[in-house]
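Below is one structure, written out as structure tokens; comments come after it.
Going by the order they are written in, the chains are A, B, C and D; count residues from 1 in each one.
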Amino acid sequence: MDLGISGRWAILFGSSRGLGRACADSVAREGVNVVINGRTSDDVERACAEIVAAHGVRALAVVGDSSTSEVHEALVAACPEPDIVLLNGEGPAPTRFADLRADQWERALRQGLVGPVSFVQRVLPGMIERRFGRIVAISSAMVKSPNSMMSLSHGTRLGLSGVLKGLSKDVAKFNVTVNQLLPERFDTARQEQMAQVAMKVKGITYEQARAEQIASIKAGRLGQAHELGDAFAFMCSAQAGYLSGQSLQLDGGSYEGVF
Amino acid sequence: MDLGISGRWAILFGSSRGLGRACADSVAREGVNVVINGRTSDDVERACAEIVAAHGVRALAVVGDSSTSEVHEALVAACPEPDIVLLNGEGPAPTRFADLRADQWERALRQGLVGPVSFVQRVLPGMIERRFGRIVAISSAMVKSPNSMMSLSHGTRLGLSGVLKGLSKDVAKFNVTVNQLLPERFDTARQEQMAQVAMKVKGITYEQARAEQIASIKAGRLGQAHELGDAFAFMCSAQAGYLSGQSLQLDGGSYEGVF
Amino acid sequence: MDLGISGRWAILFGSSRGLGRACADSVAREGVNVVINGRTSDDVERACAEIVAAHGVRALAVVGDSSTSEVHEALVAACPEPDIVLLNGEGPAPTRFADLRADQWERALRQGLVGPVSFVQRVLPGMIERRFGRIVAISSAMVKSPNSMMSLSHGTRLGLSGVLKGLSKDVAKFNVTVNQLLPERFDTARQEQMAQVAMKVKGITYEQARAEQIASIKAGRLGQAHELGDAFAFMCSAQAGYLSGQSLQLDGGSYEGVF
Amino acid sequence: MDLGISGRWAILFGSSRGLGRACADSVAREGVNVVINGRTSDDVERACAEIVAAHGVRALAVVGDSSTSEVHEALVAACPEPDIVLLNGEGPAPTRFADLRADQWERALRQGLVGPVSFVQRVLPGMIERRFGRIVAISSAMVKSPNSMMSLSHGTRLGLSGVLKGLSKDVAKFNVTVNQLLPERFDTARQEQMAQVAMKVKGITYEQARAEQIASIKAGRLGQAHELGDAFAFMCSAQAGYLSGQSLQLDGGSYEGVF
């Protein structure tokens, strides 16, 4: 399937590893030039090199925390006219409701809500003017099924869900779409981290922790990062211009609700 | 993007024209052999011929009402081991709430709910056994935003939404996914028909009726059938095995709700 | 709290026992005259006698299947100008997806969708004219969390959910509200029946079946019928005229979804 | 209807005027003692005096911004063992997406999310220990239908919706319920403020602005504060212990979505 985006440019937050990296790979394979971002210079450089080698597109590196205005400036300096933006970032650590503190909230909200919104403000006028934009956030399946241990995560991500949905209504007429992907339990470093947490909290082995993760998924397996990457690529395609304001769950069919 | 389904077989209800036809085209382009169904022999034969000519796949014709067991038998006789099934059918005519009659309900429910469920019962065991299945229903955006004039439609389609969602939870572990597409206002014969209804009911011109349709869509245009076809193709892809139980709106960003 | 409905009349489907009976009790306590319906004459007569004795309101008996037009006629003959209508009926028996048959669908849809809608068509014009109406359906929590064993139930009830939601938008301006209650696991004969089913299907004891029911509820207990009755009474109150189109879950906090 | 809460204590944020005041009136009428909070001493004192005079319950005044820990301490000093908590606060001013600033986000999030969560953390252990708690937040219908002009509002309130939903699952077993009311267009000072904004933004008269507000509501009128107050009182009742994790819209039937 030709996605009709060869030659376009994408800025991808948190794309040196894991799900973000898979998104970068999927659109690069379709001929999209990418700006790779991550906190660790080595990871970012390696990702760029691998993408250039594999797909023959341009790949630029911007190292740093994607919720800061410094990094936002570096990103748009590298790519002043992005067609595609991926909002993505590490989720906060699981925390018991009773232990939530204001400083944790501030950090989570800055990274997961205020920072991403501010970057969208920056790139949106150009997308509107050029009559093409694909903004996609990697959120979490938890936004539709909150669990108190993840309050910092869904408390933040639901806010972003609402802001993006409201925004989507304003910009659809300019062929700028705004969507979310809601992953649950992909086989990435995040699930490794969650398994470590479960081992400590529940006093179980690594194998038990991983088995519990799998048991929670109706598909009977974890998701593979490339599956999310390809869903992202489809959402960014030319032919997805009529698809906006959606939050697509990639959860192995696990969500209980009808909608 | 390689969808990984070349050589597979799809049975598509109501695929001689409109959205169903676009779905057939999109998967045939990816190398999928198709069984085309419709009520008019000429339309079905023409669709088959065009698909064979364009994509070089096999295309078999089954003429008749896809809600009947006779047609179900003909479909599985033509293709005993379908990998992909598209549930699709004409929606019932708009009807005022006060005018709804039991016989209209019976027809709508048979065509939109009982018939499709019975066909899924027929093909599901094979999909489970073969560890691959992609069942997609073309429903309507109205299932999430009901409007009393369309009670026969959403009253029926919501029932199907629920049955398919329940089912999806059972079969995800066999790599059988069950999803829905919720289109709103695509540029097909259906919208022509709705425009004719609006002209009579509201006493407006054709141009006004079409302008009203466009005004109701945040994207400022109607959807194009191939946009839905390609979303269908993606949902049927090998890499969409972790995507199940979803109802994806293709509505030009028009749905008001956050989820 | 004064609900402002003393002297009004309610027609309550399936109100001789269980949740329907609790609804009748709750509004009768607030001074509402009631028409009690059920399939067994003794039950209906006993309910009427008890309600008259307890609350000093009028209580009329209409015996028969509330999905039939004969019973609809008897109900409106007994009470030509109802202010309140409760739509309620026994759910269909749990059935495996593979075993669903067309005749079961027809019965379930007639009882749970077509019959209730036809009764609403009958009483709605008077409610609109009198500028007061409270239509409430007892649905099921399952409409938001479908489970394939209950396809006949949620397949039907979701259809009704949609029809009632669409209708609610048209009639709010006449002070006619249309809402649903979505109960999960109340301590009634229905849960006894479900426990019997579970005993057979899973080969467990009665105590285990009941313990499983309780374990599925976050409140750690089953609901009490009067809790649903009082929620119904509140939805029927004069001061609930701004509350319409809602599906309120009474599920001990068990639903996973954020909305 | 006896709500079974006479003699209990409620702490109500933002309860000197508007919707919060109506909530205080409704529960005080049911015999609940109240702690009234607001930013203006005169308003708070007047509310207390009026409530004592009307309902014969105790009413304590705590003046100040309910998102601060100083006011939290004053509230629990006044009422160390609250049975009922109302989370409520003024929404942020409408702001165009392009004009959103980090400092506005910080204020909105502190007032609408971090502050309320921190107060719940403070009072929850006692509710759990005493096996009775009713936590209700006045949110906004906009959380389910976001509009970009209100991003600060729904961006914040959706976060709180998620946190409260997650929490509700943990505490239902202790007879502590956590719910939300989602009002749309009540006849309070807030709608006056919104009308003033509309006059400026759209260059319309006050009468036009008010007519637009009414036109947006399917009930054809604004809500009355006492209607929300009584819904709050019902949610706080003894018999509402099985109702938790719900977001009940009070919107004159205006929400488009089926759920």
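In the analysis below, a contact is a pair of C-beta atoms (placed from the backbone, for glycine too) under 8 Å apart; a residue touches a chain by one contact, two chains touch by 3 or more.
All values reported here derive from a predicted model rather than from experimental measurement.
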| item | value |
| --- | --- |
| Chain whose Cα centroid lies at the greatest distance from that of subunit A | C |
| Selected pair, greater C-beta contact count between A-B and B-D | A-B |
| Intercentroid distance (Cα basis), subunit B paired with subunit A, Å | 30 |
| Distance from subunit D to subunit A - Cα centre to Cα centre, in angstrom | 33 |
| Subunit B and subunit D, separation of their C-alpha mean positions in angstrom | 43 |
| Set of subunit D residues in contact with two or more other chains | 143-144, 146, 154, 158, 161-162, 165, 169, 255-256, 258-259 |
| In the complex, subunit D residues that touch subunit A | 97-98, 100, 102, 105-106, 109, 113-114, 117-118, 121, 124-125, 143, 146-151, 154-163, 165-167, 169-170, 258-259 |
| Residue ranges of subunit B in contact with subunit D within the complex | 143-146, 154, 158, 255-258 |
| Residues of subunit B that touch subunit A when the two form their complex | 1, 3, 26, 29-30, 144, 161-162, 165, 168-169, 172-173, 175, 177-178, 218-220, 223-224, 226-228, 230-231, 233-234, 237, 239-256, 258-259 |
